[in-house]
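Got a structure for you, written out below as structure tokens; questions coming shortly.
Letters A, B, C and D mark the chains in the order given here, with residues in each chain numbered from 1 onward.
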Amino acid sequence: MELDNLYQEVILDHYKNPQNKKLATNYDAQVHHVNPSCGDEIDLNLTITDGVVANISWDGVGCSISQASVSILTDLLIGKPISEAYSIFDQFVSLMQSKGSIPGDESVLEDAIALAGVSKYPARIKCALLGWMAFKDASVQAQAKSELG
Amino acid sequence: MELDNLYQEVILDHYKNPQNKKLATNYDAQVHHVNPSCGDEIDLNLTITDGVVANISWDGVGCSISQASVSILTDLLIGKPISEAYSIFDQFVSLMQSKGSIPGDESVLEDAIALAGVSKYPARIKCALLGWMAFKDASVQAQAKSELG
Amino acid sequence: MTFDPLTIRKDFPIFGRSIRDGKRLVYLDSGATSQKPSVVIDAESDFYRNHNAAAHRGAHQLAEEATEAIESARGIIADFLGGATDEIIFTKSSTEALNLLAYSIGSAAKENPFHLKAGDEIVVSEMEHHANLIPWQQLAKRTGAVLKWFEVEPNGRLDLSNMKSVITDRTKIVALTHQSNVLGTINPLAEIVKRAHEVGAIFILDACQSVPHMPVNVTDLDIDFLVFSGHKAVGPTGVGVLWGRASLLADLPPFLFGGSMIESVTMTDATWAPAPRKFEAGVPNMAQIVGLGAAVSYLTNIGMQKIHNHEIEITQYAISKLQEVEEVRIIGPTDMNLRGGAVSFTLGEIHPHDLGQYLDNSGIAVRTGHHCAWPLTRKMGVPSTTRASFYLYNTIEDIDALITGVRDAQKYFA
Amino acid sequence: MTFDPLTIRKDFPIFGRSIRDGKRLVYLDSGATSQKPSVVIDAESDFYRNHNAAAHRGAHQLAEEATEAIESARGIIADFLGGATDEIIFTKSSTEALNLLAYSIGSAAKENPFHLKAGDEIVVSEMEHHANLIPWQQLAKRTGAVLKWFEVEPNGRLDLSNMKSVITDRTKIVALTHQSNVLGTINPLAEIVKRAHEVGAIFILDACQSVPHMPVNVTDLDIDFLVFSGHKAVGPTGVGVLWGRASLLADLPPFLFGGSMIESVTMTDATWAPAPRKFEAGVPNMAQIVGLGAAVSYLTNIGMQKIHNHEIEITQYAISKLQEVEEVRIIGPTDMNLRGGAVSFTLGEIHPHDLGQYLDNSGIAVRTGHHCAWPLTRKMGVPSTTRASFYLYNTIEDIDALITGVRDAQKYFA
């Protein structure tokens, strides 16, 4: 069934058991992002310590794609140097915008590769990116803060 | 030639020798009307004495249809009781809006019957009516004034 | 003529195509936009192929024909709504029509009867589409007027118990939807219009979801302005209608400024043509107006009452079948009294986006989200819903497909 | 590919019909609206027949296809103008686009860079179409800003000798036509844009009469906003384009409020999506946007420079032949330097309406009147003119027909 390409096992697993879905009380940056076309929302708290993504925690409502995507993101990026996190971010965004034309590098994207099927459903790309855009936004804020302080 | 139905001899004559085309200095009402789609303009002065159209004079710029139509109007309506003028007015307007479906009553409309062909050219109906609408407007003003005074 | 949706479907070429590798198209998203019959598509094409020229602007035959084409559409639509020809103003959409009203009212000078001053009140409801909410929010901000609203009860009906405190002597505008695009609720207009007029307010009806689906007559309703969108009424995209009482249109200041709406222009000033011209600046959306005329004729030939009856029949069936599905919660009235064919629901914990995607995979088109009525979905306590909306071409078979799809999705995401 | 208007005409079905009992259609009114090639008509029909759904609003396949269709048109038009995709805003017309700018600027709060205060200056010219004049008159009235203008010289060129006193440190907006729809004059933009930017003003280009007729690149021109209408560029009616610099669109407040242009909405307030969405409230004029994409592709395939060269060639021929007719007075430049294919003229004492009617009777469509630029015709000392305007499908034979018609009319009304 074609739909199974979109809703891979990994995605449904993350959806049912979301990782790091409990806002940490300490953070360097906190953001709230919304997908205005469907009303999905996410709060994301981020801590960056010595150039490394020390913690990402979140809460929100959304479809399986958006929830799984942010859950996968936290698994993938926590513990990574911020520069590597950005490079993963870029690869993920390219994969999403590829309309299915590139397979994605599983050695880099790990579980996030399961979201490759989303790229064939233009209306869902924003769902998959919601958490990622929130992360990017938060990381810029966190870094700006650390430069100031 | 079909066009000759529109530009009847009578119309071209009135166009070349317009009647009463010199604004009288005495009048009961003076109006200025414009056809905004082409920029044609007319000034019309009207005197009504004892319920009779005593004088109509005018000046203006416009196409042959609009100029001939007001010239014919002056010939036709000067000297008529205002009630008869209104009835002629109504018949003329009906003729113009008839899309060629009625011939018009020559015994009432006299030279104005020559404008019957205009009714088949929707964009020109406003030209033919410009002077007539100015007359109607002026007559309402003149009568209001005479009632007051 | 008996009403037969299967015959009607043949008029709509899109039902000849298939979805997601060969599946039958089950189109349940007419609340967003309707499909178009061939007569409408052909009317637009025919205009371009045979009569295209700038209406109202040329003394040549094509210009005459183009003018005749759009003016006869104006007449058709006036008859359809029960208004006068010169009371019909063509816009690009309801959204533009509602913004036109808000901007034009907002620019009314002190001596103009439409003038709004600080402390005047504008009344809407919690079930408004953003297009009938944000323009009024903005107008209130610009003028200092106060925005008030009727609340929505849990059953999806307007709470009108406080009518007198919502619509007061300070109320200048009441702007209300006829039928909610989310809940399907049809609002009882008579008492609200009466109250609005009692206090001297104008009543504006957002008829986007009613005019395409049932008989609507502006004279019977005694309202002051009405808007609807062509694309939701089997008409072309890019055309909407504003109807207004002639006496009010005479006072209302214009909105868009440009060609064809003027009486006279100098470098520093301009005066306006009478309505409807005053509100139609620029070369009109001619082919779309002509297409809308064809659309309205098509609907009239079938009969608006028959269309409404058909929708009631399949909506009743849909609601009863949906209610049989465990975990379905219908957001909106479940009885058919004053209710049209838009049915929103949630399905347990399954997110509407996921349900919608699953249904799409089975060829079933529904809409998911807040349906441009975000304050309403919030009020109903749901971040978003799945909406199935019906029209003249939908069948009981379509509803059965929906129900099967919903049940299968339930298993898939279990 | 060599440019052959006779081959091009075959793409336009309307040339298959005849006028006034069997006469060949000589269409010289493209300045008012252009004719449409089959590819454009078919693109609209195909959208309705196969892909129609509400773009940006559904998770189903039709909605995806509709979204893809209009977004790819956005890309085509961005490439055509040399802008970025997100800088293209679809409106219903240039008239709407210019009013959008005037209203949005007018609502900019004090802290917004677009904010206008009493004493600020807005600069236009005497050769503006009403659509690029009245919105600025009104904005000036609303804000207390002062409207100033470049004058037109008897030869139909802008008098730029007083550039520095017209565009001053107080100037906030310069809004100018690229090519006059009456005179055919093409304005020398470089120095005016430079001066506008020197004083910190934004430069808005009314490109209604240039974009359809010659290569126009917003980056090369270094302008800030540009508008054009689809229907004058072989595209559908009911669609226009506003291009704006991304950085400016980010600051510009929205104009129409409603669905799809929001970020978040409560009963009392709303925030906006980024451009272009911020400026596109409501279900878009989708079929028309798709048609405009097809139109622009059609023009690009032929080549804008080739189209321009062809128009220059026939315009030059038309002017020289007209000048041979006694009593013809050309209103506008008679040399081809910075001049496009709109030729206005008077014929002795014969009223343009009569001349136009005579020509129409011979199958020749021209426009007569003030061409929605009334202050300009007044300035040129004529109540109205006859205008012949040319496009890619016009031929030398069309011009010869015009000249014969003019000479015959002269005899007829003598």
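Here is the rule we use: a contact is a pair of C-beta atoms (placed from the backbone, for glycine too) under 8 Å apart; a residue touches a chain by one contact, two chains touch by 3 or more.
Listed by chain with UniProt protein names: A, B = Unannotated protein; C, D = cysteine desulfurase.
For clarity, every value in this text was computed on a predicted model and none was experimentally measured.
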item	value
Chain located farthest away, centre of chain D as origin (C-alpha)	A
Pair sharing more residue contacts (C-beta pairs) when B-D is set against A-D	B-D
Between chain A and chain C, centroid-to-centroid distance (C-alpha), Å	38
Chain A and chain D, separation of their C-alpha mean positions in angstrom	45
CA centroid of chain C to CA centroid of chain D, Å	31
Shared interface positions of chain D, touching two or more other chains	20, 57-59, 63, 260, 262, 264, 353, 357, 368-369, 374
Shared-contact residues (touching 2 or more other chains) in chain B	37, 121, 124
Chain A to chain D touching residues, read off their complex	34, 36-37, 121-124
Contacting residues of chain C [partner chain D, same complex]	13-14, 17, 19-20, 25, 27, 29, 32-33, 35-36, 40-41, 44-45, 48-50, 52-54, 57-63, 92-96, 98-99, 102-103, 107, 126, 129-131, 133-135, 137-138, 142, 147, 149, 229, 231, 236-239, 255-260, 262, 264-270, 281-288, 353, 356-357, 359-360, 364-369, 372, 374-375, 378
In the complex, chain D residues that touch chain B	20-21, 351-354, 357-358, 361, 368-370, 374, 377, 383-384, 412-413
Residues of chain A that touch chain C when the two form their complex	1-3, 6-7, 12, 37-41, 61-66, 121, 124, 127
Chain B-facing residues of chain C, complex	56-59, 63-64, 67-68, 260, 262-264, 273
